[in-house]
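The data blocks that follow each hold one structure.
Two complexes come next, and they have one chain in common, chain A, joined by chain B in the first and chain C in the second.
Take a look at the complex of A and B:
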C-alpha cells in the first residue's frame, strides 16, 4: 500500500500507524507523548496531521454506477498520526494551513501548562505557536503534561510504582499516598521516557534518588559504569532468577569478543 | 475511630473472585462497610488481585464516591450549584460550621457527621438546599440547623 506524505510516496502495510510510517520515511512530525516501545498513548495530540481519503483510486467495485466515485468528494480530516492506522491509500499533509493552526494552539496550551519545559519551548520555536492573553504562561515550574507515559513505562518495565492520582485540575502523577513507593526499584524508566524532563532523578556517588526514594547503585566491575540499582537486581533475582550483572553491556560485549578472538586465535 | 480488623477485610475480599473486573465493586463494598476505603484494604486488595497498589490508588482517588479518609455516620451534602450559590449557599456552610465545627471535606470529632460540598443536587426550587443521608432539606435558614442536626443525632443512622 502507498501513502503520500507531503508529496512523498511511501510504502507501508495496512494497519501501520501514520507516525511510524512518516518516521521511517524521514518525515518529521512533532510529538511528545509518543514512544516507539509504548504505543497508543495519543494524548498530547501534537502529531496532528491532515489526511485526505476517498480520492476514488481505492474502488471497491460499485461497477454498476460508474462514476459514483468521482461524484464523491474526497474527505479531509484531522487525525493524531500516532494512533491513526492506515486502512486505505491516502494523502497526508503534515504542514498544511489547518495543521499549522491546530498544532500551534496545542503547543501554546501545553506551554502554558508546563512553562518550565525546555522541550516544549523548543517545539514552539520549531513549529510556531501563537502568543496572546489566552495562552499566557502561568507562573510556576510545571513541566508535566500528564501524558501518562511514565506510569505506562513503570507498569510495562518496572513495578507499577506510579500512577495518575486524583482527577481534573488536581490530577498528577505520583506514588500511592505520596510516599516513597516500596515497590519502586529505581530503574529510572519513567524519567527516561518522560518527554518533558518532568521527573527528577538525582545521582550522587553510589546513590540514586527518585520519587523521594534513595537506592544504592551497582557498577560495572571493569569500567565503573552504572549497571542499575541493587534493589532492581535483587527483585530480578527473586522473580526471574537472574544473576546480578557484573559487567555493563559494553564491557560484556568486549569480554565476549575477547573470548571469541582468543578461541579463533585472531 | 473504629479499628478495622484484617479478618473483616479478608472476609470482604473472599466474596469476590480474583479478577480485576471486581476492583471497583470491592472498593464500593469497603466504602459502604467501613465508611471509607482504608489503606489496609487497598494493600490487601492489591495482594488479592495481584495488581500494583498504584493502580488501585489511581481508581480510589478518581471516583468521588470513594473516600480515602474516614467519613462520618451521617453525610451532609451542601449544594454549591449556581442557584444555591446565588441564594447564599455559603451561609449554610457557615451555619454548619457554627453548629458542628466542620468545613467541607471534614468530619466531626465524634465521627457523627461529614460535610461535602457538591455541585448541583437538582432541586434548585428548594435553594439553598442540603441533603443528609438522602433526605432533602430545602430553603434552609442557617439558624435552624442546630435543631436539624440534633434530631438526626437522636434518630441514629437512617439507612
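Take a look at the complex of A and C:
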C-alpha cells in the first residue's frame, strides 16, 4: 500500500513501522532511541510525526478499503514513528507546525537534562530548538537521555549487567546497587549503541574500565589490535563452546586470504 | 424477631477500633441471654465499608435499621440493652438541624445516594460466600452460562457501561474486540491498583464485596473465552487481598469457579497478584508488564490489549468498579441499567468525597449529578462554612474546577470538556485557604516521582514543570513562566507514551485557566492569596506571618 510522507508517495507493507518506511524513502525523521537491531523502544519521542488517517480521497488499494477509519472523519494524531505500525493508507507530516513545536520543546528539555551531549546540541541547532531559558539545567556532565538502548543491548546479548533503576525523574541506568556488576563482560556493546556517547569506556594499556569495572584486554597476536576482554571470551567459551580468538577480524580475514592464495597458487 | 448487628469493618473503621467494638458486642450480647425470648437471637456481623468513614466505627441494627456512629467498645453494653427497646440516642447521627437520624436512608449523607456498585457493601459479611448468594449473588453468572458470548456482550453494550478506571472506554466494545480474536489463551484482568491520592472506592469494593467483582470477571471470561484471570491489587491493600484470596478459594470450593464453572464444564482460574507499589502500574500496559514480572513501564497502545495484552495474548482489563457493575447488568438487563445516568454516561459512579467538606466519604450517585449536589447536599458544604474555592477531580490526571462550574453534571464527557476528568472518582474539595499554585505543584511533584520515567516528554517535562512551579511557590517566579508551563503541557499531551503523561498537564492547565489571578499574585506581587506558600506569607524571617499548615512538602495542603 501507499503512504504519503511530506507529499511523497511511498509504498510499504502493512504493519511496517513508519520510521523504517521513511528512512527507506530517504526522508529524515530524527530519532535517538531507535536502533535497527533493537527495535521498539519508543521512548525518546523525538520521531513523533503527525499522521492523518481515514481520508476518503486516499481510497485506493486494499488498505483504504478495509481501514477501520474509512467511514469516519479524517483524524490527525501525533505518533512515534519508530513504533507506529502502518495499518491503513495515511498521510504523514514530519515537519508540520505542531511537529516542529513539539520537537523543539522536547530537544530543549533534553538539552537541559543532558547538557554535555554534543549530539543533542547538534540536533537543537538543526531543528532550531527554543532556548529553554526557564529550564533548570542539570548540573554535571550529563549526556544520558535514558533511552534504554544500552540496557536492552546488554539484555539481548544475554548479559543483563545494567538496567534502569528507579522511576520518574530519579530514574537512571546502572548496575545492581551501583557496584561493579559481576556478570559484566566489558564487551562495550552498551557504549556502542548509545546515541549520545554517555557511557564511558576507558582503555589504558591492557585494561578496559567500564561501569566501574576493570577488565583485562586481549589482543590480536598478529597486529596487536584489541579483540575484546578476557572475561568476554571466557564467557563465550563457557556458553557457546567457542575458542578465544587469536586474531582480530581483520587479521583473520587476511590469514584466510593468505591460505586461499597459497592453496590456489595465485 | 432475630436481629443482626452489622459492624462496619472496612479499613477505616478497623483503624477506629471497630474490631474491638464487635468483640465487645458479642460479649455484651452473651450476657443478655435472658432477653432472647423477648427479642430473639442477635448476631454480630462484620461487614465491609459503609463509606462514611469519618464517623466510624459505624454499626447498624437490622432489621430495625438503626445506625450508630462513632461507637466505642464501652458502648457495647448499652447497645445490647437497647436491642428491641428504645434506640440509643447519643450514638445517632445528627443532621444539619441537629435532629437525630435513625435510619441510614434518612441520613443526609446517604439519602441522595443510589447504590449499584456498593449495593451489598455494609450489609453482607464479605468473607461469607453464603451471604453473597443469599442476596442474589452468582445468579447473573448462572444466567450468563445460558447465554452466548454474543448475547452477553450485546447486553453489556446495551447498558452503555463505560470503564470506571478513568478513561471511560465502552466496556462492551472492549469485550467484543477481545472476543473476535481467535488466539488463545485469553486473559481477563481486574485492575485494583487504585493509586489516585484520596480515592478508595476500589479498595472498599474488594474488601466489602469481593464476590461481586469475581462474578463480573467470570461473566467477562465467558464472553471473551478466557480461562484464566488475575486481580492486580495494590500492595497496600492488605485486607482487600485477604478477602479476595478467600473469596476465590471459597468460590472454587463451592464449584462456582475453577475447573467447571457451576458444573458447566467451562473453566476459569483466578488469582490475586500483589501490586508492585508504583502508581504507574495502574496503567493497563504497565500493569500487565508487572504481572509478567517485568518493570512496570507502559508500552505504546497502537496495538490494543484486546489483541495483544498479557503475554501478547488477547486480554480484557477492567477496573474493579466496572466489573462490580456487570452482575447487575446481566442480572437485570442492559436496558434497565441504561435508564440511569446521562446520554453518554450510564449508571452510577462512586466518588471519594474528601477535603474541606463537612461530610467526607464514599458516595455513589447516578451519573449526571451536579458537583454542587455532591459537595453541598451530600457533603454538607464547606467545613466552617468558609467560601468554596475549587474541587479537584480525577486525581493527578484530573483538574481543578472553580465555583462557576459547580452546576456541571458529572459524567465522563462534561468534565473532560473542561480540562478536568472524572477519572477514578477522587474528589478533593478546597476552601479559600488553599493555594491553587501549590495544588498544581503538589500533583506535578507526585507525577514526577510516580512517572515511570521511560519516555522523555513525561520525565523531562515534569522535571521542568516542577522546577518552574516550585520557583513560583517560593517567590522566584518570573513573567513568562506560565507560557513556559503551557508549552511543556502541550508537548506532554501530544507526545507522551501513555495516559499518565498525556493527562499530567491537567492539574497545571486547569489551575492556570481558572485561577490565573493566583498565579499572577505569586509571580508579580510575590503574594500567596491562600496563605499557604511559606516564602510568600512573610513568615519565614520574623515568624509573624500566618501559614495555614504545618504540613511537609510532600503533603497536599488543602
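Keep this in mind: the second predicted complex is superposed on the first by the 242 of 266 C-alpha atoms of A that agree within 3 Å, B and C clash if a C-alpha of one lies under 4 Å from a C-alpha of the other, contacts with A are read in each partner's own complex, and residues count from 1 in each chain.
Here is the rule we use: a residue touches a chain if its C-beta (ideal position, glycine included) is under 8 Å from a C-beta of that chain, and two chains touch if they have at least 3 such contacts.
Just so it is clear, the model here is predicted, and its values are computed rather than measured.
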For this session: Quick one: classify A:98 as touching chain B (first), chain C (second), both or neither.
Result: second
Exercise. First (chain B), second (chain C), both or neither: which does A:226 touch?
Worked result: neither
For this session: Mind working out whether A:78 is in touch with chain B, chain C, both or neither, as first, second, both or neither?
Result: second
For this session: Classify the contacts of A:42 with the two partner chains as first (chain B alone), second (chain C alone), both, or neither.
Result: second
Problem set entry | Which of chain B and chain C A:166 touches, first, second, both or neither | both
Exercise. Touching A:175, do we find chain B (first), chain C (second), both, or neither?
Worked result: first
Problem set entry | Partner chain in contact with A:106 - chain B first, chain C second, else both or neither | second
Exercise. Who does A:121 touch here: chain B (first), chain C (second), both, or neither?
Worked result: neither
Problem set entry | If touched residues of chain A are counted for chain B and for chain C, the larger one | C
Seminar exercise, completed: Overlap of the chain B and chain C interfaces on chain A comprises residues 163-164, 166-167
Problem set entry | Sites on chain C touched by chain A in the complex | 278, 280, 295, 299-300, 302-303, 447-457, 459-464, 466-468, 478, 480-481, 484, 487-488, 490-491, 494-497
Seminar exercise, completed: The chain A residues in contact with chain C across the complex are 42-46, 48, 78-80, 83-85, 98, 101-102, 105-106, 109-110, 112-113, 132, 134-136, 145-146, 148, 163-164, 166-171
Seminar exercise, completed: Listed in rising order, chain B residues that touch chain A in their complex are 39, 42, 51-58, 61-62
For this session: Under the touch definition given earlier, write down the residues of chain A that touch chain B in their complex.
Result: 151, 154-155, 159-167, 175-177, 181, 183
